[in-house]
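Chain naming follows the written order as A, B, C, D and E, and within any one chain the residues start at number 1.
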Amino acid sequence: MLTNGHLVWLILFAPLLAAGAIMLFTRRLPRVSAALSIGAVVLGFALSLKLFVAVLQGQPVVAPSVVWLDLGVLQLTWAATVDRLSALMLLVVTGVGATIHVYSLGYMRGDAGFARFFGCLSLFMFSMLGIVLAANFIQMFIFWELVGVSSYLLIGFWFERPSAAEAGKKAFNVNRIGDFGFLLGILLVGSVAGTFNFAELAAKWPTLGLSAGTLALAAGLIFCGAVGKSAQFPLHVWLPDAMEGPTPVSALIHAATMVAAGVYMLCRVEWLLVASPEIMNLIAWTGGLTALMAASIAVTQRDIKRILAYSTLSQLGYMVMAVGLGATTEAMFHLTTHAFFKALLFLGAGSVIIALHHEQDIFKMGGLARKMPVTFATFLIGTLALGGVWPLSGFYSKDAILLAEMDKNLPLLVLALVTAGLTGFYMARALIVAFLGQARDEKVAGHAHESPLVVTLPLVLLAVLAVVAGWHDEIPHFLKPEFHEHDHGSLVLLGFLAIPLTGFAVAALLYGRGAKDDAVLRRLLGPLYTLLENKFYVDEFYLFLVDRVQGGLAAVCEGVDFIVVRGLGVGGVSGLAQFAGWCVRQLQGGYLRFYLLFTILGIAAVLIWVGR
Amino acid sequence: MHLDAVIWEWIFVGIRILAIFVITFAIVPYTVMAERWVCAWIQDRIGPNRTGWFGLMQPWADALKLFLKEDIIPNHVHKVYFVLAPTLVFLPALLTMALMPWGSNLGPMSCVLADIGPGMLVVFAVGAFSVYGIVLAGWSSNSKFPFLGGVRSAAQLISYEVCIGLSLVAIFMQTQTLNLTQTVLYQAANGWLVWQQPLAAFLFLICMFAETNRAPFDFPEAEQELVSGYNIEYSSLKFGLFFLGEYANMMVASMLLVTLFFGGWSLPFAPFNAPALVWWVGAAHVAIFVAKTACILFLFIWVRWTVPRLRYDQLMGLGWKVLFPLALLNILITAIVLGLRGGA
Amino acid sequence: MMHVGLIHYLAVSGALFALGLACIVLRRNALLVFMGLEMNLNAANLALVAFSRYGGHAEGQVLATFIIAIAAAEVAIGLAIIVALFRQRSSMVTDLLRSLKG
Amino acid sequence: MEFYALQMEIATVVLAVIGLLAGAFWPKHVSLIRRGLAEGALLVVLASLFLAFPQHHAFFGDTFVLDRFAIFFKQILLGTAALVLLLADAHGPLRRQGGAEFSALVLLAAAGMMLLASANDFIFLFVALELVTITFYVLNSFLRGEARALEAGLKYLVLGALSAGFMAYGLAYIFGATGSLNFDAIHHALHGDKLPQGVYAFGFGMVLLGLGFKMAMVPMQIWAPDVYQGAPTPAAAFLASGSKIAGFAVLLRLIFADLLPTAWEAQPVLLMALAAITLLYGAVGGLAQTDLKRLLGYSSITNAGFLLLGIAAGGDVGHAAVIYYLVQYLFAVLAVFAVLTVVANASDTADRATLAGLHRRSPLLALALLLAMLSLAGIPPLGGALGKFFLLLAVLLRARVDPAFYALAGVAVAGAVIALCYYLRVLRGAWADPAPDAATRIVVPWTVRVVLFICMAGMLVLGVWPQPLLNWALHCLH
Amino acid sequence: MTAYDAIFWFFSLALLLCGVLVLISPNAVASGLYLVLSFFFLAGLYVLLQAFFLAMIQVLVYAGAIMVLFLFVIMLLDYRESRHWWHGNLLGLAGAPLAVAALAAALLPVLKRSGALAAAPEQWFEGTLENVMTPVFTRYLLPVEITALILLAATIGVVVLGRKEKQP
């Protein structure tokens, strides 16, 4: 008899089995592969629903566990956490995942790597579900890395394109930086507390009596992981580039699930963060800054997917900010609604992109509303939800966060409000420019027509969710039964509603008359526009740091300068490592006698130490 | 120890050393003489018979002639090594002779100059040095034929050294000693080893031919190919030393063969099968030893004038593909036999 | 002057070892490098024998015996490699062996 | 007769001799002989799993011990040798040169390593170690027609002989300090009050360095890149796997026999410093490498540094981690060398360009390379990640007592990050770079397929289900 | 100073002198011969240490076999260094003293302490054939067998390496 506990494992391993079957047996059979993959995720969704209901009814769900590692001093159990947090997350991941799987059927039709795509997708689902269900840090880290690998595979899916391969690599490398901080944090926590288990740690952590420094270090390192995965400043650079992947991938990984994993993880280890107020503050400000910066960059973007990508960054910043303020429930709430409407937006964009034969510049679109009514309608819903317009879900979740800020941190509130205004503006801009008015480029947008049912059906489903998900604050109540809305009167809420609407209005004003390009905005913002268009030059700054200074100067100055410039001048760890590598290679110059001398001196050094 | 005892000890040692030198210097020329006579006899002609009584003074005349010749050191040679080489050929043979059990004892005096414990090892250690002389001679002469001779000699000596060692291992296993005197005593008590270890004796004999660079293994000199090999550039006294060295080595080889396989100074019946108790038996032992050595020497000479020289690859093939496995086989057989006998 | 004892032998052994090291660093000729290595092994042997003598245990000399045998094998291979190299490069200067580096 | 304790070694040597004789009598069937030997070796390993070994006895006058630890490593090492033989069969230059000697030598080296795992006496240890070393002199320079192989052989020989000289010299001082060369006797002497600790530590330091040569530990690391680059690929593979494993097995054995100088156990400053330097040296040295085999040389140094972490940290977790790491490292590194054996078949050089477009030319090879590199880089769920995790865990556990170990952990993570860069660069070459026009599909011989499948399975299984091996390792320790 | 001491000093100084000559001789053959000579003196030291067996083996193996091999190779290749070893040999001239100094720094403190390790004279070991070889063939039988394997491996190696490359 399968209990709910067994079902947990079934949810997790069904996608893995599907992925394995596809990789090993059905690579040449695209339909069978897709069926396997979709079957697995739909099954997962159904079971998740069952679990959700069980959790809602207060039934304890205990997944069978096995001792995975036993080192004597330390025991690691392979177990699953099924609580309200993970039950909700399961539902989001499998639900959004299922719609996107179906959508991919249409989007990827005819692609040479159709089967491979579904294989990778299933692998990703497996890894993501692993993160959600992880019961200890090690388990989480393993799936954390697996998610990285599978997203690397998906971003670089069209590896024939150099930019795609490059983007995949960038995502991977940037994530590694965050992950190593994460790993260090995990090891630190584990070694200090003697266990990696979340439940045990949560109980034990406050009682260990650690110094403030250790607490801050642990929390900070763990936060590093979230910074990488949830693309917070300064490791945010990979996410926009990751849009090189197929659009369903962007929707699934870079909007709904994977990037949210960082936020989910932070919520999971709330007890750890709360122990260090300094780090909480840092988290809040990191999130706030990311939100504002990304939103302002999005204002000037022309590529529809990039606009959505920066929007995602911005919303992730919101969630992280909420976590930093201790409002994890609100963060999860926003995560859930965001998953729905952002996936919806991405899929809508995908629908447009198919219709326009892979044209992504919004200033070449226009007038699509009439030709693609379903897509337009759903996109509109998504836009309004993202903007936070009542009574759509975004309004409730965003307001929950804003209200929490109002209680705790006014400067951040201002920041968040500005962001909200910008959000309204850029979304309206995209919507108006892409869908309304006349076709700006007849060649591109003239012959567009509505996508098939397999594409639009998911859109409609997600649109429904985007509308209803926030009603009655069901989700936060589910997460935390004692949750109650901060009551600040309807005037405040009206104010919050006014801000995005202002954004909408400004956009309508600027672009409503069928602007051919962005000249108006460019004139209006002046040099700021250039700055934003170039994403604050962060990428260039990194490039500059790594390439120009190092490469250029090193070419000029050999010898002593070499040490100064590479070793000290730039001061980067990378420079130091490169320099050390250069030194080592000078040692390994091939001269046998020098090898001998080196060895002898080394031995003598050791012996002098030993024989002291 | 009393002073006079020490002095007497030293005097005995002095006498023995002198005896060795005298005997070597006396016998070696007559070995040459013997070689010429046997050669003549085999070739059915008359050997040297003019100088002195039956030509017996011939070697001395030859020696005198050699000493009086002009000593030429060519310009292109490496001088130090060129001069060093002949000495290095001659000295090891002389040193080895000091270890030979010429007889049991003459009164209170042992007939062995240096009765060192593991004497056999010393013989080998010292004997290994004769190669240096030849190699150096070949190299320092700095010209083609000597060089080839030197290289051949080195290869040959190294190759056959292995077989000698292996063939003797069986002997050691049986006699349980490395001491030459003890080996002879063992044979005196248990019969000659040549009957018990015929294969070892055979191998040892062949290897000795190679080690002494004698025909059919005289490649380092190989008159027809290398003119005269490593000693081409030598003349006068230095050539004489090579000459002397070759025959001295031959003598040492013969003595070793006698000592190890043919019962040394013993004869298989009383009173010659035990160390001498009276002086005349001691003297007889010496005589027996010398006689046996002479027989083996005759064998050496006889072979030289009857068996043709091998080809060089045949020499190496013989050494590594025939003698080497045979030696190993011999050890195996000996081990099995000794093991069956219940651990000798 | 004190009587010769263990420490003297050890000092000689150390000096021989140092000479071996000096030889392998000083000389470019591969053969000389090998000779230096032989000196090292012999220095070790001397120390072993001296410790064995003065400590009263046989193991030192046993190990020395093995080391001598092993040294022979080592030299044989080393010389074979040198000969093979010489066939290709007509040189046994170790400083010229620099195709592997960096 | 005590020889029944030696059954695996005897079987190995017999196989070697059979190979040698068969190669002499049937020179036309060298390939068959090689595969036969490999299968024979695998059979011996399989048989040994079911054989009852007389355990925990000291044999041959206490010079030889046979315990779980020894048997385990014997099986691992012989298995490695078998896989290396399979690789050798697919290696172009070796095939062209012909002769069955390579196989015989590999088996002889394996016999030496297996003996090392049982050493309980320094004389025995030295002689067995030299068997391995001397065999490797030949293996590394085996391709006598290639100047690079000869150069590698010569460098390995000279540095190896130097380390042997130091080791012998160190043994003299151990002998002088304790009056014995037997582990048990030294152990007793160490805990007596008369022992001159300084002299003993001096000797032991030299022995450690001598073993360090096998492991590629600083300051004995300098040969590794050159030799890995120049040696025939299967020889380098054996060097990277077998030789290193044997070196660490011996070091563990010395630790289990409680022979570390007493001062080192309380304050393993030396071991910590060596571990840190070794780790960083390999990591930074590999950064700018373009030749893959050379890169693996540096990788080998880095991994030696990681393994030394476990040695320095000590404790059950540390030692078990070392054992685990060795086994998983074996799979990863053999997989890489297997790939290189096939890819660089023609030239025996492995510039990064030779890998370009590998995923098009042979998906199997590319996949194996991917898994191996990810494992070496320490990315879950492969064995390498867990190995690094265990080692770091051991270090951190020790750090609770001795805070200096926190710094060591930091260095280890830094080293891992740096090394990661070059592992991933290799992958980019294989997966992202376009294949050269002239490139054709690579045919992977079945021997290499076998090796690859074993290695991939090993990496995955160890990464997902490490407990059996860990249990076994912990079991070995007690 | 007893005669024993005098002989010791003679042998050891001669040994070291020969060692120095090995490394400074311009000619490889000369180096080799000095090495042979130094091995003789080393054997002399063994005799002083009552290690008769080892002294014999030393001469037999080192002087009789190993060094002959060296000379043989030197001659076979007829190789002469193109210039004197000290020309342009900065690495060697700087490195060798450095190496020696480093070793001395490591060794001297230990040397001082190890002089006291000598046992009472009545316990000193006499290295006769029986005393040395009995443990070799009883307790250390296995290493003997391994040494045989070493020699086998070396033989294979030399045969392989020495074989001429087949002309394709």
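We take it that contacts are C-beta pairs under 8 Å (C-beta built on N, C-alpha and C of every residue); 3 or more make two chains touch, one makes a residue touch a chain.
Bear in mind that the values here come from a model prediction, so they are computed numbers and not experimental data.
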| item | value |
| --- | --- |
| Subunit D and subunit B - chains in contact with each | E |
| Common touching chains of subunit C and subunit A | D, E |
| Innermost chain, taking as reference the mean of every protein Cα atom displayed | D |
| By count of C-beta pairs in contact, the leading pair of chains | C-E |
| Chain located farthest away, centre of subunit A as origin (C-alpha) | B |
| Inter-centroid spacing, subunit D versus subunit C (mean Cα positions, whole Å) | 26 |
| Gap in Å, rounded to a whole number, between the CA centres of subunit E and subunit D | 31 |
| Cα-centroid distance, subunit A relative to subunit D, in whole angstrom | 41 |
| Centre-of-Cα separation between subunit E and subunit A, whole angstrom | 68 |
| Residue list for subunit C, restricted to those that touch at least two other chains | 10, 17, 20-21, 24-25, 28, 33-34, 45, 51-52, 55-57, 59, 62, 66, 70, 73-74, 77, 81-82, 84, 94, 97, 99-102 |
| Numbers and ranges of subunit E residues touching at least 2 other chains | 53, 57, 65, 69, 74, 76, 91-92, 95, 98-99, 103, 106-107, 109-110, 114, 117, 140, 143, 147, 150, 153-154, 157, 161 |
| Touching two or more other chains - residues of subunit B | none |
| Contacting chain pairs - touch in the sense defined above | A-C, A-D, A-E, B-E, C-D, C-E, D-E |
| Residue ranges of subunit E in contact with subunit A within the complex | 91-92, 95, 98-99, 102-103, 105-107, 109-110 |
| Residues of subunit E defined as touching subunit C within the complex | 1-2, 4-5, 8-9, 12, 15-16, 19-20, 22-23, 28, 31-32, 35, 38-39, 42, 45-46, 49-51, 53-54, 57-58, 61-62, 65-66, 69-70, 73-74, 76-77, 79, 81, 85, 89, 91-93, 95-100, 103-104, 107, 111, 114-115, 117-119, 123-125, 127, 131-132, 134-136, 140, 143, 147, 150-151, 153-155, 157-158, 161-162 |
| Subunit A-facing residues of subunit C, complex | 21, 24-25, 28, 33, 94-95, 97-102 |
| Subunit E contact footprint on subunit B (complex, rising order) | 78, 81, 117-118, 121-122, 124-126, 128-129, 131-132, 135-136, 138-139, 147, 150-151, 154-155, 157-158, 161, 178 |
| Touching residues on subunit A, where the partner in the complex is subunit C | 585, 588-593, 596-597, 600 |
